[in-house]
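One chain, chain A, appears in both complexes that follow, with chain B as partner in the first and chain C in the second.
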Partner chain A sequence: MKEALSNQLKQNPAMPMLAVLMILFSTLSPYFFDAINMESIAANNAVILIAAVGMTLVFLTGGIDLSIATVISVSAVMAGVIMGHTDNVLLGVLTAVSVGAAFGLLNGFLIGFLGLSPFITTMGTQLIARGIAFSVSEGIAVQGTPEPVIDFGFALVMGIPKITLVSFAVLLIVGFLVALTSWGRYIILLGSNPLAARYCGLNTRWLELSVYLASGILGGIAGFISIANLGNALPGVGDTLLLIIIGAVVLGGTSMNGGEGSLTKTLFGVAVLAVLTNGLNLLGIPFYDQLMIQGALIFIGYSIAMRLNQAKR
Partner chain B sequence: MNDANPVLSVDKLHKAFNGKTVVSGLTFDLYPGEILALVGENGAGKSTSKNMLCGLLAPTGGEILIEQQKVAEVDGALHGISAVHQELSLFKSLTVAQNLCINDLPGSNLNIDWSKAEKIARKELDFLGVAIDPQALVGDLGAGKQQIVEIAKALLHANKVLILDEPTTSLTKPEREKLFAVMQKLKARGVAMIFISHFMDEVYQMADKYLVLRDGQQVAAGELAKTPRSELEALMVGREMTQSQIELAPPQNQVSLAVRQLTSCHFNQISLNLKKGEIIGIGGLMGAGRTELAEAISGLRPAQGEIYIGGKFIKRPSLATMLKHKLCYVTEDRRGLGLFPQRSVKENMTAANLSNFVQPLFRGIGFKNEQAAAQQVVDKMNVVLPDINSAVSHLSGGNQQKVLLGRWLACQPEILILDEPTKGVDIGAKLDIHKKIAALAASGVAVLLVSSDLQELLDLSHRIIVMRTGEQVAEFNRDAFDPTKIIAAAASSAYAKETS
Partner chain C sequence: MSFKLLFKQKWLPIAVAALLMSIFLSFVSPAFLTLTNFESVLVQASVTAIMAVGMTFIIILAGIDISVGAILFFVSSLFAQTLNTTGSVALAFSAAVISGCLLGTVNGLLIVRFKVTPLITTLATYTIYRGMALHLTSAQNIPVPREIGWMGNGSFLSIPVPVWWMLVFTVIGIYLLSQTRFGIYCKAIGCSAQSAKESALPINRVNILAYAIGGLCAAVAALILIARVGGLQSGIGIGLEFTVIAAVILGGTKLSGGSGSVAGSVIGAIFLVLIDNGLNLFNASPYIYDIVRGFVLIVAVLVDRVSVIKNQPNALKFKTSSEGN
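This part shows the complex of A and B:
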């Protein structure tokens, strides 16, 4: 029992951090454990969690997807525009997912088949996505979000926001794919040693493409969810999220070098940053001071995770 | 010239890493203008000796005297000893002059005198009698000229003793002649040289004295003029052919793998017939093109020529096609190309045949029997490990090798290409692996065994094919194995095709 717990702690270094933060904030603020506060934490982090799932997949292969945040923006804007014209929710979902998929395919082709560096490639697509989002929306929130989408953003099932349930469903499905399919196994092997993967006869190009495609699609889903969450498609919705997404994945303990990590870790990583932001807000700490604390926590958490990993060896 | 004092004397030089002796008993005197050939098989300790002599490694025992002054360890620049290493250490994007002067640039730090550097370079290159433009980029020069720039750079800082490590392996014939002319010129000027080479012709052409290393021991030294070539070759091999402890079953008649005129930039017109149950050993020195051949046959490298499996012509060989035809390749580079270090033993075992465990019922979700199958391979291969789910990087080299081998055996190959299957493996694991290979062959698997370990080839092969600089130069049947002849075939001049 004790061993199982210590094993869990080593696997998920963000778990004790989450516990400490929750105890801390619940003693400092009477509102922290309030149902409304919990709902708002969950709802406001659905987008981040979905995108972080995509980023985790890319990290597992040893790559990085810098475009995911602005892909959220551009898919939200495109879906918003389509829904504004047609009032058709399904069409909006399809648009968001296809826009995300298109960016994912572009990244995947450039990285997997042309062998470009993931960092540079996704930096480029990040700018393209951002440019499209702002030029299509002319820099302002897209009007005309259908009522059902706005209602969906506020709806609760047994006290849990529906959009949070969507993000959990995404986490669960992708988690299953990673843990229980050969695709999942292969992307981890690819991240662990790409040359050995090639010498095992794996089709490394398609594997790489598939991961960026998945990340793009998840960005698209996150984009649609952002409309439900905020009530409007905002062209800048993803701009500030990139570092939070990367920070959450790394804090969870997934290695940026590939071959090591899991979606459970990412869930805890997202939760730590979510609780931290919320708690600091409750305590009335100014935004810029929050940034300093978040920044410090990322490297403190990361160094603890690294120590634990080394101890495991 | 032997009336002078030796420029470098070495007495019982010894080097151990973590208590494990890698070189011992190195003893010689080197006089100005002399060329000493340092010879031995792959892994005999030549590189370690070189590194001690040029100051890259500190010896753990013995004495070094430089011009009769005892020193604890060599300081290349101070003592006038420099080495030209096998891997060139030039900056390809800089000019020849910049490369030559890089260790000691003229002028001040903020204002380097490039014209002076060019003058120094020109003087040095003229001295060597070669026409190389000091302004040319090193990356634009051929391998031979780069080699000479490297020598010029070495001589600029240390001009008493020059160590040349396999200087001819990457050179064409005219380049090699040019290099030898430069060496002769240096010799005439009294520079002593230590010449490390695999090629016996070159040794006899250039050197005055020899020193044979075998398994880290200095086993012989003397004058080349008084030592016939066959004796030197026998000294390098050193061992009588010991009776193999492994029984080989006779091969079957059916040809599993046929290779016809396979050619690429690393090897030329290789043809062979591998029968079911047969083990063919591929011998040769490093850089002979053996790994490249093995990778080409496995579909990992492009090559011209024809490959047949079971009589069927393989149109476009790729690793995936070859795998479908039950041909598996076990790489020599376990860490770089073989294993997934952070992943578990289980995942490493099943990486190549994971599809066998995918459950059809739930649309590919979940792996059936994976754990049990991996455990079975672990038991069969005799892998010693704490837990099948622990990371493969925790295992010892020998056990890692067994995991790698186990991965491919689990694919049930009919043709197995093994590249250095026991490199860096302890003796016990080695014997285990040897027995496994013999048993596989007995069960009808055709095996192509690339190895630099001569004893391994002798023990395990039905036939041995020797390659040298990409050419197939000799073939021996098991009843006619002769280690000395095999070494001679592998280590003759890079260009002469005929041997012994």
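This part shows the complex of A and C:
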């Protein structure tokens, strides 16, 4: 029992952090464990969780997807525009997902097939996505979100916001794919030893493409959820999210060097940052002081996680 | 310099691209080929170019510094705040320069001490430095007095001061990279950290120094920027790190480390301004700029990649993880 617990702690270094933060904030603020507060934490982090799932996949292969945050923006804007004209929600979802998929394919093709470095490639597509989001929306919130989408953003099922359920569903489905399919094992092999993956006869090009495609699609889904959550498609919605997404993934203990990490870790990482932001807001800490605490926590969390990973070997 | 040597220079492709761009722009608009416009291009490029000089050393070391924009913001905040409260220009300037070096050094220390990937370390310090800067000024905008405007708008020997700074940093950067032990160590460590370790090179000291230089460059860039803007604004420096990295990459420095060119980075920064200049001539929407920059960046690495594949047909087949992020 004790061993299992200590194993669990080693697996998820963010878990004790989460526990400490929750105890701390619930003693400091009577509102923290309020149902409404819990709902708002869950709803406001659905977008981040979905995108963080995509980033985790990319990190597992040893790559990085800097474009995911602005892919959220561009798919939200495109879906918003389409829905504003047609009032068709399904078409909006399809638009968001296909815009995300298009960026994912572009990234995947450039990185997997042409061998460009993930960092520069996604830095470039990040700019392109942002530029398109801002040109199409002319820099302002897209008007005309259909009522059902806004209602969906507020709806609860057994006290849990529907958009949170969507994010958990995404986490579960992708988690299933990673843990139980050969695709999941291949991407982890690709991340831990690309040369071995090739000598095993894996088609690493398609594998890399599939991962960036998945990340793009998840960005698209996150973009659509952002409309439901905020009520409008905002061209700048992703601008500040990149750091939080990467921060959450590494805080959870997924390594940037590939092969080491899991979606459970990412869930804890997202939860830590979510609780931290919410708790500090409840305590009335100004946002700039929150930034300092956030940055320090990400750094400390990642260095502890890396140390534990090395100790395991 | 013989022709053979010239063709081996890493900055040659970007220099040719910048030249072609200039020729194109001068055909499109008569206003382009004026001395005033030439000066303004250089002044506009100066902030990015100076920061790109520092970033070149960091990238040659196979590192990266995401926090430079935040350092620039912190230095601007500290400068404006010091000037506002004490009124002493000398104090404000020294505080700015020292704090820039210090923040860069902290980056370097964290990276070598805790062995955390430079990307994550500087991502964390990016957040922390921005928080510190906003804390310092309580997120207020602070105007700076006109007298310090010479740093951004003044000229010396009829050449704008920012261009002088750019020249000074370029020359020092080129000298450091090609003529000093520090520069050679940078390349060696970036090429193979393992071999460098086995050859007992001072890896930690070189790393810390490189990040400190990055911080210093950001500090000087901050002084120019705040003088040109005329005060502290809360949006200063956001997204600048990507522009700086783009300039370095366009200049022919590889993200995987080991080799690079200071002159290339500076020309890369100028090239980015030329693109803006061109889009401006066509009255393009400001939102298009991002799209064009993204394309330029991808095309640049694509061209580079194609030339590698042409020279070594196996390059595509044997892509290994050593190419880095």
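In this section, the second predicted complex is superposed on the first by the 313 of 313 C-alpha atoms of A that agree within 3 Å, B and C clash if a C-alpha of one lies under 4 Å from a C-alpha of the other, contacts with A are read in each partner's own complex, and residues count from 1 in each chain.
Here is the rule we go by: contacts are C-beta pairs under 8 Å (C-beta built on N, C-alpha and C of every residue); 3 or more make two chains touch, one makes a residue touch a chain.
Note that this is a predicted model, so its numbers are computed, not measured.
Does the chain A-based superposition show chain B and chain C clashing or fitting?
fit
Should A:Y199 be classified as contacting the first partner (chain B), the second (chain C), both, or neither?
In the superposed model, A:Y199 contacts chain B only, not chain C.
Touch test for A:L127: chain B only (first), chain C only (second), both, or neither?
In the superposed model, A:L127 contacts chain C only, not chain B.
What is the contact status of A:T181 with respect to chain B (first) and chain C (second): first, second, both, or neither?
In the superposition, A:T181 contacts chain B only.
So in the superposed three-chain picture, is A:I140 touching just chain B, just chain C, both, or none of them (first/second/both/neither)?
A:I140 contacts neither chain B nor chain C.
Touching A:L189, do we find chain B (first), chain C (second), both, or neither?
A:L189: touches chain B, not chain C.
Thinking of the overlay built on chain A, is A:P118 touched by chain B (first), by chain C (second), by both, or by neither?
second
May I ask you to name which of chain B and chain C touches more residues of chain A?
Chain A has more residues touched by C than by the other partner.
Have a look at where A:G62 lands relative to chain B and chain C in the superposition and call it first, second, both or neither.
In the superposition, A:G62 contacts chain C only.
Which partner does A:I298 reach: the first (chain B), the second (chain C), both, or neither?
second
Answer with first, second, both or neither: which of chain B and chain C does A:G259 touch in the superposed model?
The answer is first: A:G259 touches chain B but not chain C.
Report, in whole Å, the shortest distance between any C-alpha atom of chain B and any C-alpha atom of chain C after the two complexes are superposed.
Across the overlay, chain B reaches chain C at a minimum of 6 Å between C-alpha atoms.
So which bits of chain A does chain B touch that chain C touches too?
193, 195
Which of the residues in chain A come into contact with chain C in the complex?
For chain A paired with chain C, touching residues are 62-64, 110, 114-121, 123-132, 134-135, 138-139, 193-195, 243, 246-247, 250, 256-258, 286-296, 298-299, 302-303, 306.
Across the complex, what residues on chain B touch chain A?
300, 319-320, 323, 329, 331, 336-343, 347, 351-352, 354-355, 358, 364-367, 391, 393-394, 407
Considering the complex alone, what residue numbers of chain C touch chain A?
The touching residues are 64, 110, 114-117, 119-121, 123-128, 130-135, 138-139, 242, 245-246, 249, 255-256, 285, 287-295, 297-298, 301-302, 305, 315-316, 319-321, 323-325.
Can you name the residues of chain A that touch chain B in the complex?
Interface residues on the chain A side: 176, 180-182, 185-186, 188-189, 192-193, 195-203, 259-260, 313.
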